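Below is one structure, written out as structure tokens; the observations come after it.
Letters A, B, C and D mark the chains as written, and numbering starts fresh at 1 in each.
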Amino acid sequence: MPEVALSEKSAAVRELTLGEAVREALAEEMRRDPRVFILGEDVAEAGTAFKVLNGLVQEFGPERVLDTPISEAGFTGIAVGAAMAGMRPVVDIMFGDFIGLIMDQMVNQAAKVHYMSGGKWNVPMVLRATLGATRRSAAQHSQSLHAWFCHVPGLQVAMPSTPYDAKGLLKTAIRENNPVVFYEDKMMYRLKGPVPEEDYTIPFGVADIKRAGEDITLVATSSMVQVALGAAKLLEEFDISAEVVDPRTLWPLDEKTLIESAKKTSRVIVIDEGYHRYGATAELASVIAEGAFYDLEAPVKRMGAMHVPIPFSPPLEDATVPTETQVFEAARAMCGK
Amino acid sequence: MPEVALSEKSAAVRELTLGEAVREALAEEMRRDPRVFILGEDVAEAGTAFKVLNGLVQEFGPERVLDTPISEAGFTGIAVGAAMAGMRPVVDIMFGDFIGLIMDQMVNQAAKVHYMSGGKWNVPMVLRATLGATRRSAAQHSQSLHAWFCHVPGLQVAMPSTPYDAKGLLKTAIRENNPVVFYEDKMMYRLKGPVPEEDYTIPFGVADIKRAGEDITLVATSSMVQVALGAAKLLEEFDISAEVVDPRTLWPLDEKTLIESAKKTSRVIVIDEGYHRYGATAELASVIAEGAFYDLEAPVKRMGAMHVPIPFSPPLEDATVPTETQVFEAARAMCGK
Amino acid sequence: MSASETQLWLRMFRQMTSIRLFEEQVNDLYTRALMPGLAHLYIGEEAVAVGVCEALTREDYITSTHRGHGHCVAKGAAPDRMFAELLGKEAGYCKGKGGSMHIADPDTGNLGANAIVAGSAGIATGAAFAAKRLGNGRVCVCFFGEGALGQGVVYEVMNMASLWKLPVIYVCENNLYNEYTHFTETTAGDIQMRAAGFGVESDVVDGQDVRALHAAAGKLIERARRGEGPGFLLVNTYRFTGHHVGDIKRDYYRSNQEEQKWKTERDPIKLFTDWLLAQGVADRAALDAIHAEVKAEIDAAVQFAIAAPYPAVERVAEDVYA
Amino acid sequence: MSASETQLWLRMFRQMTSIRLFEEQVNDLYTRALMPGLAHLYIGEEAVAVGVCEALTREDYITSTHRGHGHCVAKGAAPDRMFAELLGKEAGYCKGKGGSMHIADPDTGNLGANAIVAGSAGIATGAAFAAKRLGNGRVCVCFFGEGALGQGVVYEVMNMASLWKLPVIYVCENNLYNEYTHFTETTAGDIQMRAAGFGVESDVVDGQDVRALHAAAGKLIERARRGEGPGFLLVNTYRFTGHHVGDIKRDYYRSNQEEQKWKTERDPIKLFTDWLLAQGVADRAALDAIHAEVKAEIDAAVQFAIAAPYPAVERVAEDVYA
């Protein structure tokens, strides 16, 4: 299978939404490997609440696209055991907030089975979950809690920011022999972008420079990459050339690329939609602050979700997540222009 | 109730173990407030697996020291509801690893009820959990996962490092009108230290300088404070004066004291027993790197648990957690001596 | 029929009507894009909330679900502040911070709607625990859909409620669907036997018959109040509309005939109306008058909510900690 | 009695003896401070693991618990590598990384012991799911103590096993105690009715009678293998020693008389020995010979484990990812 170049530049012209890219990756992998199956709530006829899986049950049947009871812990546990015994489950967790119910299965079981067994049992499973606020879904349906998984040895965490990355990273995740948590931002499902028809994968632990720049580095994850790209455009008008770096997987983490970009530009803002405190921005910022210590002109700035439960009221909710304008202004201030 | 000075220096001479200090705080608060009660597995006659609660059921009876089924999610949820309806539950989670089972109750319920209700319902509950490795308890009974809770708005996280702090912080936790997670390091239960007999509390969000120094700051949490104090002693012989700062609560976090100490010494090591990656050290390090940016001589160094599931085999397990010697050597190297 | 009984029946009629009209307005607000987020309508299930809540005191507790407007109204909340909450306005019960899926109101003992399926099972059981310890004589009703039977925590807390004889009643609203999946595809065995396996007294009742509900719930509630332990009430009902307002195309998971049959033959308000008239509890004019009153109240409530201001942005950081 | 039957009974005797002697050695190693961590002994429950596992093929799966040595031996693991694991040595089944509470062995279908109560319920059900999908004819037995009935996930997976007719058998070892608390203080209602409520076929059996266990387990196992769905076997048994080796002073939670009664009247090995002799399956000398053989094997295994080296420290970072 050809190792396609990592950035979108080389991608074929066909455009898909991120949701379609996810579906295509699943369909291709299910055709390729009969052990791959999907389980979760309303994944079959309903194609999930976000309709991302539409059509899969028609092609692969209810045995491979399995509607479950509302038992996140139970079916995640079943996925762990099925993976150990020769299948390749892809678990669908409708809203990332629900991971509160499955941390034991993911952290005490899935993440540790390989190590505790001295390398004898494998858990080749993928957990697909969503993140992202501003859908007016309130405190229990809007969180981005991926930092919890990033903290746990034995897990890997992928966070695509484009349809291209979504397809390539998900295929890698499904072929991995370890548990992988794959995050999809609900707000990006309709985002369009070029996606090659051919089979390609994107290796984990390789960051992608979504936009090259000289004056400041914007390290962003998932939908915040789009925010950063928007801010970069606004910065152009002020002759500030921003580099946008997307780690693509938070674990494994491509420290080298992050640090090199930081050394080059000497100014860094890290943007992630998880809660700011003790979140992903803290790890990324401290890795960069340590690795580029002698080259930084200013402290690494972190931008994450405000440290409050996510409110329902639209004007309040909008105030909790980093926006293009906020990133633009922060970057401008940092560059002293 | 007198606000006793924050460091141990002023404490009365009587010595208690950390376990005894926890028990005394619970007993005093249960005498003071009839709404306070304890629930968890084997907390009554058995006094927990660590015997920390010995004697409480004899004084307060089985209605206030309640043995539960092995249903962490269920009894944590019951505590949330009981707190909303007028009680002050203290939940006992035997091993901190088990929080994987209660994240939904703590994060989607306890942490958000006050906010989601527009400030109308309160959840005055305390969750007591343990952390700490090197007890040869293997991967599912040795983790320090407190970073998960620190990440969540609506929760507060206390991590005592001495018997004195344990009593004062636990009393504060029980009197709080918000959910508090209170961490006890299993390895410290037998640690002795002075504990005043009188009633005192320690405010949250106030770090304690456990040892004053000039050349380097060691920011440490829970049992790592003892490790840092040991390292500080070793450093003396090399004429390196280390300051040991204990945040005592990771949320709220006393950024000011951490940053001031960093500015004073210009060198910082952060030590926490949680997994290194995306853990508490990342937040502490990035807060300091940002706040003391122009005063730091060297990058903030982070020391946490190795990024592996905790192995059973003693020589392997010992290699996963920061030790006195490692901290000593790292500090010495940083100070170039 | 005693005057108090007549009053009770008419109050129930009024409450069911309030819920129906409230939800019709929600549907309207939502389709006019005036309401943000998700809206899960209770239309078709009105008798459940009303039959149960009319057997409770104002001080008694309830916990509710994502489909919670009906429970909230039935427990005594005011439509104007409810609508304000649904629109995210400062005047809402939760200052707009909770929204449709999180309305709570201490004044009426409403511990809150919950957007986590079975998320309130622990809270409800804990409130009952507190009521018992504090000896205030309250009970707590935990409303949840049959989909919540998939969550293990329900059994964990039923076991403890049973061991500790807590005054909590689990009301399982079986409207046949977990979102877009028929409950028989997600629920094995026998639901009442599940409750019995945990030592919880159970009963089953027609969810379209408000009087039967009131009687069945009353029995379990008074039993719980007497300290005889928790109850489980299995209610057979149906949601007339989509899982949420956006769920328009439903034929892939349930037939139009099925919906029509329920709407025409099993509408709880229509059935109750027929009974009221047949019994001569009230005549058509009297019922129409009540309907008109309620409609006026609901319309005014909607206008109030639409006109009400959003919270100031600075409020976002308040209420995180008490 | 057929020769094969005789062989079966004698193999069971040998296996039960192996477990007993294995655990006595664990106790000895632990008290001599040669074994790190915690040790939960299976003494008194040997018939359960052996009766069940003798009804399985080597390819069939099991999942186990913190009290897992017996299951591991019964499924066919070698004592020497087990002891090595318990001592954290490189030669152990998991290179010393798992220890007593996490022994796993793919060669004998052992998916692993689990230190989270009910932690293997999902894994066992998932392995059965895979066996069904792959059509390899395997079944999975999920061993757990009655304390695991407190964990909701057990009901979540039983429900799915029942819906999907998965070849999994839940073996509930009711030894009367969750650690230091009698199960009646933590378990309401009726255990078998719980299984029935989720549509799981159940049976109850005397846990001290290895033949009864073998028969009862065999029925549920073959039924599951035929694709007729999951089974639940409630086993009444008793742990003769403490919850773990350090649990010496037990009188605050159970009486010495109770322990003595079980040890003298309900010892599964003694009961089986009497039967073997009474039936003339073997004479005392033959059984003594087996006992001696097993003892020699266990003693050698301990020596092997003590002499075996610890893993090199560099190994700590291996096996995190496959």
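A few points about this structure:
In this section, contacts are C-beta pairs under 8 Å (C-beta built on N, C-alpha and C of every residue); 3 or more make two chains touch, one makes a residue touch a chain.
None of the values given here were measured: they were computed from a predicted structure.
Think of each touching pair as a link: the shortest run of links from subunit B to subunit C has 1 of them.
Note: the chain lying farthest from subunit A is D, by mean C-alpha position. For this pair, subunit A with subunit B, the centres built from the Cα atoms lie 31 Å apart. Distance between subunit C and subunit D, defined via averaged C-alpha coordinates, is recorded as 46 Å. Computed centre separation for the pair subunit A/subunit C is 37 angstrom, with centres defined by C-alpha atoms. Subunit A and subunit D have Cα centroids lying 41 Å from one another.
The set of subunit C residues that touch two or more partner chains comprises 94-98, 102, 114, 116, 119, 150-153, 156, 159-160, 163, 185-187, 320. Chain contacts: subunit A has residues 68-69, 71, 73-74, 97-98, 101, 104-105, 108, 115-116, 138-140, 153-154, 306-309, 311 touching two or more partner chains.
The touch graph of the protein chains shown is complete.
Of all the residues in subunit D, the ones that touch subunit B in their complex are 36-38, 88-89, 94-102, 114-119, 147-152, 178-181, 185-187, 252-253, 310-311, 313, 315-317, 320.
In the complex of the two chains, the subunit A residues touching subunit D come out as 37, 63, 68-69, 71, 73-87, 89, 104-105, 108-109, 113-122, 124, 153-154, 156, 177-178. By the touch criterion stated above, subunit D contacts subunit A in their complex at residues 61, 63, 92-98, 102, 104-106, 111-112, 114, 116, 119, 121-131, 133-134, 140, 152-153, 156-157, 159-160, 163, 318-322. Residues 41-42, 45-46, 49, 67-71, 73-74, 97-98, 100-101, 135-141, 306-309, 311-316, 319-320 of subunit B are the ones that touch subunit D when the two sit in their complex.
Put simply, subunit B touches subunit A in their complex at residues 97-101, 103-108, 111-112, 115-116, 138-140, 145, 147-148, 150-154, 250-251, 253, 274-275, 277-283, 285-286, 289-291, 293, 296, 298-302, 306-309, 311.
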